[in-house]
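Take a look at the structures below.
One chain, chain A, links the two complexes that follow: it is found with chain B in the first and with chain C in the second.
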Partner chain A sequence: MSEGGSRGHPAIVCRCMDITEEEMLMAFKVMVRFLGTADPDTYRRISSATTGYCQGRGCLQHMQRYLARGMRELGISLDMDRLVPKKRPPLQPVPMGLFYNPEVLEE
Partner chain B sequence: MLKFDRGRPIVINFNGKPVKAFETETVAAALYASGVIKFGYSAERHRPRGPFCMIGKCSQCLMRVNGYPHVRTCITPVEDGMVVEYEEGHDAELPLPTKEMLVKREDLEYDAAIIGAGPAGLSAALEASGMGARVLVMDQSPVPGGQLVKQTHKFFGTKETFAGMRGFEIAKMLTDKLRDRENVDVMPSTQVIGYFRREGSLAAFRTDGLGKYTLLRIRAKSIIVATGAMERSLVFPGNDLPGVMGAGAAQTLMNVFGIRPADEPLIIGAGNVGVIVAYQAVQAGIKVKAVIDIAKKSAAYLVHSSKIRRMGIPILMRHTIREAYGKGRVEGATIYKVDDNFHPIKGSEVDIEVDGVWLAVGLTPSIEVLELMEAGIKFVPELGGYVPLRHRNLETTVPGVFVAGDASCIEEASTAMMEGRVAGIAAAMKAGLGGDEHVKRMKEAIKWLDEFRSSPHYRRIREGLFKVTLEGGAS
Partner chain C sequence: MRVVVVGGGIVGALTAYYLTERGAKVTLLEKRYFTYGSTGRSTGSFTAQQHHPVLVRAALRSIERVKELKKRFIEQRIPFAYRFMDDESPHVAIAMSDGDAERLEKEALIWSSGGAEVLRADPEKVTEYVPFLDPEAVRAAFITPKDYKAMPQPITWASIAAARLNGAETRTYEEVTKIEREDDAIAVRTSSGRKYVADAVVLAAGAATPKLASGVGDKFNDFVKPHYAGGLVTEPFRYVMKATVRVMRFSYRFTQTVRREFVATIDDMGEENQSLDVSDSLKFIEKASTITVKLMPVMRAVNILRVWGAYVDVTADRLPIIGWSLNAEDAVYYAFGFNDYGLSTSPYLAELIADEVSKGVRHPDLESFRPARALKQ
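On to the complex of A and B.
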């Protein structure tokens, strides 16, 4: 358990998955260089930001900012309206037992 | 001054030690009141963490409660003898509940299902139910009212939006009115988790007590998304230290629970939220060290900012934060000044000792449900970021799905209530109810909104709305 020193803390972008700003910028480079693409769904898979308990409620806006800035710098055409990754249920952390169905198992 | 009725004193067990609490508190509030600001360790880096939003959105307050893992302590009411423990990251233990879980299922049908019981959702429910619609209002918080519950100041505006009343009084009045209506179900502690297009149903689950859940499948002729907004975070070194939180989170602790979240905080953002929270903090006996803002000019109403200047709180414009520092919690912050191009001015860095950093840097509309429904979404910074396209009657591009309040556009409680009325009437009409007088009533509400927004203060809002408002629908 590291409480860390007094100074020099990381700048956290995604609190749930513990992703720093440095890692977000690196993930952008990796995505562009090795996959030759820059889109929100790939960015979230590579960085893992927005995939934690809160599903991006705090960090999605930052991810979109890095994505837009990175694309602009590389001269990739950018449509802000399309920088939204696909959503899937469940939208909130759910107890796994919620979907357990004893009646089906008894058959 | 406001008095707090905290209810009966009880005792909970936190990491093996007894902690005093009051029965009206949430687990997170009770812990904060007893001086606990570290709520556990982060998932991968095992960094100490504390809650950020206090309204059930950020997931930074998750703890093991009575053996159940990952419980959102900020929206879980305390109970006598409750056992609360730290969770230590993703890899610390298999998150199995140590107690039996009880799950029920319910299939529900309504004319209108409303997600969010804040000013928009409650107003929508009143209108729709007044037209005879069977209405469900869900909210993830155990107490309906949304962010009205922490608004202790008297509202400005007009009689239609209850000027002169305090926010929490409005919340109570709206909720009381709904309680008397047989065709309305207000369902707190209920979270919407999915939307399934082919069957047109919403999936939600209700917490009936720890370990007791009801999985809901809801079919409704119309749906109103009144999910509000989430406070923005800011990226700087140390931004995750316990004690760094949203200004609204601090406001919840102060105004809903009567707790001092810090003794000497720094507030970042000198807009209306920043200065109002600073004012309320001083009233609660807190010494606000400074309110800083990177902009040249404060965006707050002059009455508010002059008030806190008179109290001797410095408002430092063109200042921002370099880092927050401290061992295990915020102990200080380094701030610096910027020039006209927002570049740091050399030698302007100052360390200030603070035990809290409260972020009032804006809100982001909570539109996850609409994204899931694949509603048309547009990036409109004037309205707070990504917001749904909508007709004048607040119907989105998904037929039968409406939006109201901060989820449609970051504005204020009075406009949220009026938008709620528009959406409520439109949703009931979609369900086949109402007549000419309701069309008229909706037009009046739309007119009120247009007039309210016609002031020069709301020019940006008007420009933003122009970009997302579609032709058609009632106008």
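On to the complex of A and C.
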């Protein structure tokens, strides 16, 4: 696990949303303390990790490791299925115009 | 008084909080994760654009309540409270056809009769509120300028956090399987094998409530039907859009969140969704994209990052179901059927619900919502 970035700069966990390691650790603490839960769907929404342009390609694994480590430290048993938030389309960003189809609006 | 609240969406969260404020010992149970259901899947609107004057008033009072709660929760240092209500957001209801325009005119009368400030706007005026709008796509429009927008998760989380600070117990991934009388109390059993004992159970599980209700002998299935819904979110853009656009005919809502991404939802695709399926669908993407591009042609170049499916509980008269069970009087209390306006109206209504449950009173504002009208006898 990272101990902070290089030359005093913070380690960036989610590059799309600029989320640092400190923010990931804080988000985990907030989730557990204020909501009493530790699930990936809540974790990604509180931390904002995986919600940016690449939709988690760069940071999902990191988020999962922070989640797993945090749960282990709390002594909560880990169900591996529970580490994965729901995958959604599109596979990559797609312009809205591609789906334009006036027929669907006919009454 | 021990109360178990079933459902971790906005209604359950606020009800749990208000109950703890009234001294109840509360346990909140959520089958999956908080806001998993309808709450977490729509754009966050606080709008007076409701189809019944009682709901219009509930929405106006809810906006006031939310401002008070935000202040209170910030004082309690609850982290999500800063995002309780994101921004002022005039809601612009647009009619895209002449038929729509006639219906919209009637709806707007209901909003003003309920006390909302309503402006009629010609297509040119609408472009002041909605950037990139093509005025040719608009037949008529009405605006409620005093509405707000928010992301539903922070407000739900803050309410849950506040309830926990007041001593509530909360559990996620805890599915209720059985509710039954046990001696002088009620036992709520879950799929994890736990049992919770309470003096009253509030069923605030949205579209999942009818299934729980039939376990207690109340059959809502003819009156409440879950419908498919969906949402999409785009790449971020410079913050240009304060307003929220609505097209009633399609249950369509569109705005830009304070995270700067655009979000478009259709809160009722018009088809039943009994299995509470939340799969994404091409049909939804086409509909939401087409309406968006028709209204704001430049949006055709904006990239969609994520699409999701959803469900919404549609009641036959589009009013919520609030009140004690007929079969399990004083034991089971219903708070569901909020269609697409749960966020808009529950900050006010949930407080009345907490009063009825904890004090045994009956609030006049809830009389139109009683379960009797919705139950198969």
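Throughout what follows, the second predicted complex is superposed on the first by the 93 of 107 C-alpha atoms of A that agree within 3 Å, B and C clash if a C-alpha of one lies under 4 Å from a C-alpha of the other, contacts with A are read in each partner's own complex, and residues count from 1 in each chain.
The criterion applied here is as follows: contacts are C-beta pairs under 8 Å (C-beta built on N, C-alpha and C of every residue); 3 or more make two chains touch, one makes a residue touch a chain.
Since this is a predicted model, take the numbers as computed values, not measurements.
Novice: In the overlaid three-chain picture, which partner chain does A:P93 touch, first (chain B) or second (chain C), both, or neither?
Specialist: So A:P93 meets both chain B and chain C here.
Novice: Where does A:D18 make contact in the superposed view: on chain B (first), on chain C (second), on both, or on neither?
Specialist: first
Novice: Check the residue A:R57 against both partner chains and state whether it touches chain B (first), chain C (second), both, or neither.
Specialist: first
Novice: Chain A residues in contact: does chain B have more, or chain C?
Specialist: Larger number of chain A residues touched: B.
Novice: Let me test your reading of the model: by the given contact rule, A:R45 touches which partner, first (chain B), second (chain C), both or neither?
Specialist: second
Novice: According to the stated criteria, A:G8 is in contact with first (chain B), second (chain C), both, or neither; which is it?
Specialist: first
Novice: Between chain B (first) and chain C (second), which, if any, makes contact with A:L35: first, second, both or neither?
Specialist: second
Novice: Using the superposition on chain A described above, determine whether A:G75 touches chain B (first), chain C (second), both, or neither.
Specialist: neither
Novice: Of the residues on chain A, which ones does chain B touch that chain C also touches?
Specialist: In the superposed arrangement, which is not itself an observed complex, chain A uses residues 53, 55, 88-90, 93-95, 97-100 for both chain B and chain C.
Novice: Taking the touch rule as given, give the residues of chain B at its contact with chain A in the complex, in rising order.
Specialist: It comes out as residues 41-49, 52-53, 57-60, 62, 68, 70, 72, 88, 97, 101, 103, 140, 191-196, 203, 205, 213, 215, 230, 232-233, 235-241, 323-328, 331, 364, 366, 368-369, 371-372, 377-379, 385-386.
Novice: Hey, which residues of chain C end up touching chain A in the complex?
Specialist: The touching residues are 32-34, 36, 78-80, 96-97, 99, 153, 157, 160-161, 164, 170-173, 234-235, 249-250, 259, 280, 282-283, 285-287, 289-294, 299-308.
Novice: Which residues of chain A touch chain B in their complex?
Specialist: It is residues 1-13, 15-18, 21, 52-55, 57-59, 61-62, 80-81, 83-84, 87-95, 97-100 of chain A that touch chain B.
Novice: Along chain A, where are the residues that touch chain C in the complex?
Specialist: 30, 34-37, 39, 41-42, 45-46, 48, 51, 53, 55, 82, 86, 88-90, 93-102, 104-105, 107
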